[in-house]
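Shared chain: chain A. Partners: chain B in the first complex, chain C in the second.
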Partner chain A sequence: MIWRFIARRTAMLVVTVLVASIVIYGALFIAPGDPATLLVGGGKPPSPRVIEEIHRQYHLDDPFVQSYWRWLTGMLHGDAGQSLSYRDSVTHLITDRMGNTLFLVAYAALLIILPGVALGTLAALRGGLGENLITVVTTTLMAVPTFVISVLLIWWLSVRWGWFPAYGSGVGFAGRIEHLTLPALALAASWLAYVAQVTQAAVRAELASEHVETARSRGIPERFVLRKHVLRNAAGPIFSVSGVAVAGLIAGASIVEQAFGVNGIGALLIQSAAKQDLAVVQTLALITVVVFVAVNTLVDVVTAALDHRVSLEAGA
Partner chain B sequence: MSSYQIASLGRGLIRSSRLRSFVRGHGVLAAAGAVVAVVVLASVCAPLIAPYDPNAVDVMAVSQGRSAAHWLGTDDTGRDILSRLLYGARLSLLAPAAVVLIAGVLSSALAVSAAWLGGWWDRTVSALLDVVFGFPGLVLAVVAAAVFGAGLTVAVVALSVAYLPYIGRVVRNAALRECQLPYVSALRMLGMSGWRICLRHVVPNLLPIALVQVTMSFGYALLDVAAFSFIGLGTQPPTAEWGLMVANGTSGILAGRPEQSLYAGVAIVVFVIACNLIGNGLSTRLQGETR
Partner chain C sequence: MRASRITAPGAALCIGLLTVSACSSGATGSAGGASGAFKLTTRTPAATGSLDEVTWNLPLGEPTTLDPAKVGDYSPNTVEANLCDPLLRLRPDYSIAPGLASSWKKPDDQTLVLELREDVKFWNGDPMTAKDVVASLTRQSAPATQAVNASVLASVKSVTATGDHQVTIRFKQPDELFLKSLVNGFGGVSEASYMKKAGASYGTAKGGLMCSGPFKLENWKSGDSITAVRNDQYWDASLRPKVKKLTFKFVTDSNTLTSALLSGQIDGSYEIPSSVARALRSSGAGKLYYGPSAQTNFIAPTTPSSPLADSRVAKALSLVLDQDALIKNVYDGAAGKLKTVIPPLVWKNGEAAAVYAQGYGRLPATPGTDEAKAKQLIAQAAPKKRSVIVAMPAGDQQSLQILTFLQAAAKTIGLDVVIKQLQPTQMSDVFYDAGLRKGLDGVIGLGYVEVPDPLSYVPLFTAPDGLFNWTGYKNAEVTSLLTRAQAATDPEKSAALFNQAQELYTKDLAIVPIAAPYERMFMNKRLSGAPSSFAYINMPWAAYLGGTGGAS
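Here is the complex of A and B:
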């Protein structure tokens, strides 16, 4: 049963990625003008000799299916072509910046999941003033966009108090911690609130359930009830919302990287889009979609494995 | 869940006694509605109430703090921040409104036709919505900006596509339930055409659900549009828009003058909180009535 579910989700993943790759590659051809202009970047028309050279190099005159297939297999082999506006190979541009982005996303994920789950559980268990306070703070945080939090953090913690640098990516572990703490906080803030709220709701629902009441009435120690009956059963929704949060981080990293001048692939995506350097944009968009969809699929599968009540038939 | 309820909602708002009891029972919702109404009104009346031209550069009054002449100060080229906030509200609200309306109409048409026709069309629509769902909206918009050039129109179109599944999935589920109700087969047996049943009966009955989804998506769309302008791929300078104003203010922050970013950021946050409260309120109300 679970294997059929995994097989179906994997098939959907492949279909989604394939369709996304066709859209991303096809974007080159629905654009107004010669696709070669977009591959040069900068939006300026290059000389006819250069255009001819690019047509040859990228096989632009071949039928669409053929040139698409060549592009896709090239991607799978790690050959993503040349960026003419950066005068470098796309693969090299990306591998240079990948580390910063991975560090940032991992750091933010840590900042979300640990305090998010702790705060949510605390709010559900304590009730009263603490619960209300946490609810108000998380509801407000969820409405504050990442870029506004970035700007606020730069203002308070960087300019006014000088605790952290406002710009750059840092070198080595300590340097990265120093430079990426503010970006990770900005990236984490609204997701942290989201995870806390879902945790709170899940724990409260379990606390009110009959099996918890039965366990208590049988005199099972509170600590044990909490661990075995409440948290174990609330783990499903908490895990799945944490996974969604991590997937969201991957997609949202570009905004904080741009705001804090972090030299990562998210900022590269935005800057190359502004330069209309499509070779870089296509590669990064494909990578982001693959990671995003893969994380979401993984979360669905693990959630289903954790909780047998999840209907495997309706999972699609 | 019927056209009767929309009508009763409309009657409730018109009859002032009903409105008063609504305000008493729903204080938070009423406050949120007031915030939205004031901001919308201010953006519409911007030419009447704004003290300056939003793009008027004044080299004699660069980066000033609050004063009687400039209530919220001026930016680094001497433009009045209050006037820019008021004018900026127009694009900041219109663009996400366009996003959720386009997405709402398109996805509802897809969803209802999928539920009605079933078969391969339903499978195609569901698969399409799933694929779009797997595509982060921001990435889709960035690719669109790379191809067609940066600008607000490109962002609105790309985000409209990205928002299809958020509305479409919910409407499709509701439409599937609706199409199985006895009255639909009764109308069919009476010889009414599929078009007429869908347009005259099914769509009006689904309207409350679609509208709640549209309202709930609006706040997120506003954040996405503003974020897109913030990273420089949406609204282009010198046009006044909230997301772009937050970005413009960052140079001021490093110099210790956070006003521009702060005010524009506060405007975004307050408005989005108000919209989300309204969306949640409507959704709770709808659920209560369906039960």
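Here is the complex of A and C:
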């Protein structure tokens, strides 16, 4: 059953990607502006000729179908094309930056899930002032836009106190931890509340459920009840929201990477979109779609495995 | 009309990618005075010590190329000028000095002979010869090179090596501008054999460079940084760099740039935007320098039918635009008033400076605001359309502020200014696509003059086929005077002819001058030496850079 489910999901993914690729390619194709003019970078008299030359070299004058077909066949042969603005292969541009983005997203996911689950559980168990405090703080963080948090973090932790570098990606593990802590915090802040709130609700629901009541009435130690009956059963929704959070991080990384000067694929996406660098935007958008769908599929599968009441058939 | 620029594309670039008003810095030998509170310097105190590493920022983003034939914008020029020596050098005061060509002579009006230095070696140790110079110059006429200065070669008949270290250029007609155009990327010399091998990838992260400059290109990590290391064998012993390793970063966001400069993570930057300048001015992290510049901000009409294409309407708008308030509020005081399209720095220290100065003096001073006169001009012009659509690069705070000022001023004379923000690719397309310009009435531009000669710039606006002449401006006398000025081999005669043309077009050319921004440059307190004049854009400025401590 699980294999059928995965096969169906994969087929859906292929269709989604194909449709998304046509939509994105089409949108950029009809967007006004000529990317070649940015390359010339100056209004010098011979420019119209130079522009013709760039158009010829990058096939900018081809009709949509021909141009899309060229891109698609290239892609199927593993060639994502050439970037117009970087004058480099798209594959090279992306592989160069992938590491930074993966590190950032993983780091931020860690910063969301661990404290989120801990705080949510604590709030549900303790109640009272602690619960209110946790709710207020996490909700406030959720309400502040990511770019505002970025500016505040840089201002205090970097400029005023000099604890962390203000921008850049760093090299090696230690360098990355040093450089990516602030971006990861900024990225994590807005998602922390979701995980904390869902955890709290799930734990609270389990606490009030019959099987927990029964366990308690049987005199099973509280510690054991909590681990075996409460957290285990609350894991489903927590895992789901964490999955959504991680998928959201991938999209949110663009803003943070741009603000902190992290050389990742999110920043590359923003810069390339501004320059209408079709080949780069297209590939990155597709990667985002694939990762999004893959993460969601994974979440569904794991949720079903955690809770046998959830059917994969229904989820599909 | 060669080799200079106006860059609205530059302006567009600044913005789109960056959302910063990075285009704004600048300098100017301002017209009209009003240098006000700031002391303009062309140089900074000489460096006294050496430094292992310096990190410099390019606020307009990552260059797309470093090929001398293709550099034509802030970021690529800022880097390339330290890597590739041109045949002639530009000094911080915009005067010209020998470079790879140690001397030159003009046996007749249509011949130029360049004598090359014999002690120049490329980074790989190969000696530079006339062959390399000929290859570097002539490749720029091939369309495949995509050279930005190809039009400089329009008057050239042939470029030939007439000795191991001598190059002779023959012209179809006399051209006094050619020699001066050798100061920028156009005159940059690369090794012929290396260029041939690299082909189209020459000057990119992949293809690299082979020049003879004070710094060698070591590494270009796309999206992250460009690293250059000093050339210990540099032929000009007086300019051997004091900085061992120079890293360029591409921070375009104003907030990030401010933090990075304040925290010392980045050591310095040219073209500091106004918002960043406000934060840096009072900081102890380093010093903000103001220098003269050849940049100008203006609004140009985009079609012959635009209300702005009537010079009376353009003049009326400048009469109601309060330039003092604008300079104070938008440029943070770092700009001068603009009297004509060519700022004085361009000619101020050249051969015929006295003649140019006379002509400049004869121009009417920047008028103060005069609403009555403006209304009178509008009544005379009686434009059919009362609403004016002006395009600007989306997200550029400085342009937005300028246009908001203009909007308020225009209202007093019954004109309705509509601000239209364009995305980067569209903004740069305005300069090439007449169809796109039809939907607009005007565009805000930031231009700069790279070559120390007004003739490199003015014809772009006045010549019937000028790249920025979108209104069909036609003044036969101006065109004839400018053509004769370019053909005049005597500098003073050329300047006198230019002056006559300037007097004419300053009167009837429809353009709304905004201001002449000063160059703004920041250096961390551990550094000194870099020139603070806009001339940096074509100078090996980093070779002057060093520590403020003792020699080490």
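Structure notes:
In the analysis below, the second predicted complex is superposed on the first by the 253 of 316 C-alpha atoms of A that agree within 3 Å, B and C clash if a C-alpha of one lies under 4 Å from a C-alpha of the other, contacts with A are read in each partner's own complex, and residues count from 1 in each chain.
By our rule, a contact is a pair of C-beta atoms (placed from the backbone, for glycine too) under 8 Å apart; a residue touches a chain by one contact, two chains touch by 3 or more.
Only a predicted model underlies this, so the values are computations on that prediction, with no experimental measurement involved.
In the superposition on chain A, A:Thr140 contacts chain B only, with no contact to chain C. Legend: residue contacts after superposition of the two complexes on their common chain; A:Thr288 is shown touching chain B, with no touch to chain C.
When the two structures are aligned on the shared chain, A:Gln66 is found in touch with neither chain B nor chain C. When the two structures are aligned on the shared chain, A:Ala166 is found in touch with chain B and with chain C. In the superposition on chain A, contact of A:Asp34 is made with chain C only, not with chain B. Using the contact criterion defined above for the overlaid structures, shared-chain residue A:Trp155 touches chain B and also reaches chain C. By the touch criterion defined above, A:Thr95 reaches neither chain B nor chain C.
Contacts of A:Thr214 after superposition: neither chain B nor chain C is touched. Contacts of A:Ala20 after superposition: chain B is touched, whereas chain C is not reached.
Taken together, the two complexes place residues 31-32, 38, 43, 151, 154-155, 159, 166, 258-259, 274, 276 of chain A in contact with chain B and also with chain C.
Chain A makes touch with chain B in their complex at residues 12, 15-16, 19-20, 23-24, 27-28, 30-32, 38, 43, 139-140, 142-148, 151-152, 154-155, 159, 166, 250-252, 254-255, 258-259, 269-270, 272-274, 276-278, 281-282, 285, 288-289, 292-293, 296, 316.
Residues 31-35, 37-54, 85-88, 93, 96-97, 151, 154-155, 158-159, 162, 165-169, 258-261, 263, 267-268, 271, 274-276 of chain A are the ones that touch chain C when the two sit in their complex. Chain C makes touch with chain A in their complex at residues 1-10, 12-13, 16-17, 61, 64-65, 72-73, 76, 143-144, 146-151, 201, 204-206, 221-224, 249-251, 253, 255-256, 259-260, 262-263, 265, 422-429, 431-433, 436, 460, 467-468. Residue ranges of chain B in contact with chain A, taken from their complex: 127, 130-131, 134-136, 138-139, 142-150, 219, 223, 226-227, 230-233, 243, 246-247, 249-250, 253-254, 256, 258, 261-262, 265, 268-269, 272-273, 276.
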